[in-house]
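See structure below.
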């Protein structure tokens, strides 16, 4: 995406040793990669606060036998079709479904969609993962 | 899933009024549904701590042009194929991909898979949503 | 604080049994108390989002031997004296101090104070606990 | 605390520019200090998971007029006196108190104390801030 630059970081020796063993346990191949991830994490928090164009994933777990539930979930998704990219549906067992909805757009809109879906009777749990479009980081 | 039981909750009047306006703003149709959601939220936290069979979603954002990145991501997913249900891939722009991986199994294993994927050079961001198989709640 | 009202909640029997064993493990004496806590938790999140008058606690861990550190921490606290109620200082060992700052006021201001203190060179860690003045809940 | 070492980090130019403006907005004087904070944050999460000797702060908001509440809070604190360093008490208004309890010890014990206090009838809200003794970072 862009030119690589290099800069120096000064750190207490003890702290660096502890960091090295942490990143080894998390499978990082080098310090730069681990530090880049820490930095990106902070920037993505800001993107969501600042209201920039973001990406995310909504998960829903529900019992599809509940009357009218599928219709309601589909209706709401249509109301928000401008921020929904696609939906993945998994049959966890005879009753329970896991739905993963990939979204992109304004953080407030995404939050609102997640709230709407989560509050439907029959939806047992809903989560919202806040990530990035990758464009700016 | 099971028989409905009913029990009484006693509450300060002020608190109930505030709760009512909160759940209205979140689109709940009645108090029972809102309270069921609060209860399930707490139970799901416990499922993840207790190491029970759980469901989840891992999101990854990465630039697919990075050398060997796709191979690495695929290799790791194969090592954990017993907990991966399916994967949804979205092209965010010419460079950036959003991948949503539906998972199910032991919380520790799922956490490990998320760590492994997140630490790959070229993966810009990774999240893990902790949800439930719905079986017990 | 106010009159007690009572309302009924309907719930799947299984879910209630699980809830009962959760709240027992957390030492609640009855369901109403546990549910009140879940409700208040949600309301307090809203207070912080809505910008209402809130209370909080900032923790700092730092090495008081660092040159000029104590002066800087004190200077900043004076700039924010209108939101700081009081400060508790603990000597963790020869080097490390734990400072607990009780705050009250506008959420944005409190967040800003926490950021300012946390970013001082020599401050090893800082946290912000978001709680309530209790007035409205 | 220890010798300073220096190492290089390589990063995309765009990412570094964004990081620079983020840390400026958070008042950091240089990159090293900001990166040290990101690293310490991750290490402190590990200390709490690994069960090492940690420090923390518990906040409680409660109405001191509630019958027997002060006695109960004090009784429980005595049961955990080995992990409680000191307590700061603030009168928020005629009814509401904010109590900040500085703790140190085993993470599991601290969590248990926080759960016990939070679940007392009359305690409106409780939080637990997880920080460090500073010894190892």
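Here the chain labels run A, B, C and D in written order, and each chain numbers its own residues starting at 1.
One rule holds in what follows: contacts are C-beta pairs under 8 Å (C-beta built on N, C-alpha and C of every residue); 3 or more make two chains touch, one makes a residue touch a chain.
Note that the structure is predicted; figures quoted are calculated from it, not measured.
Taking shared numbers over all numbers used, the chain C to chain D interface scores over half, which places it in the same class.
Chain B and chain C have centres, each the mean of its CA atoms, that are 26 Å apart. Taking each chain's centre as the average of its CA atoms, chain C and chain D sit 9 Å apart.
Among all residues of chain D, those that touch two or more other chains are 1, 40, 137. If the chains shown are joined wherever they touch, the resulting network closes on itself as one ring, and no chain has more or fewer than two partners. Across the complex, chain B is touched by residues 1, 23, 26-29, 33-34, 37, 40-41, 44, 55-57, 59, 61-63, 85-86, 88, 90, 92-93, 95-96, 98, 100, 102, 104, 115-116, 118-119, 121, 124-135, 137 of chain A.
Residue ranges on chain C touching chain B, taken from their complex, read 1-16, 18-19, 22, 31-32, 35-36, 38-40, 42-43, 46, 136-137.
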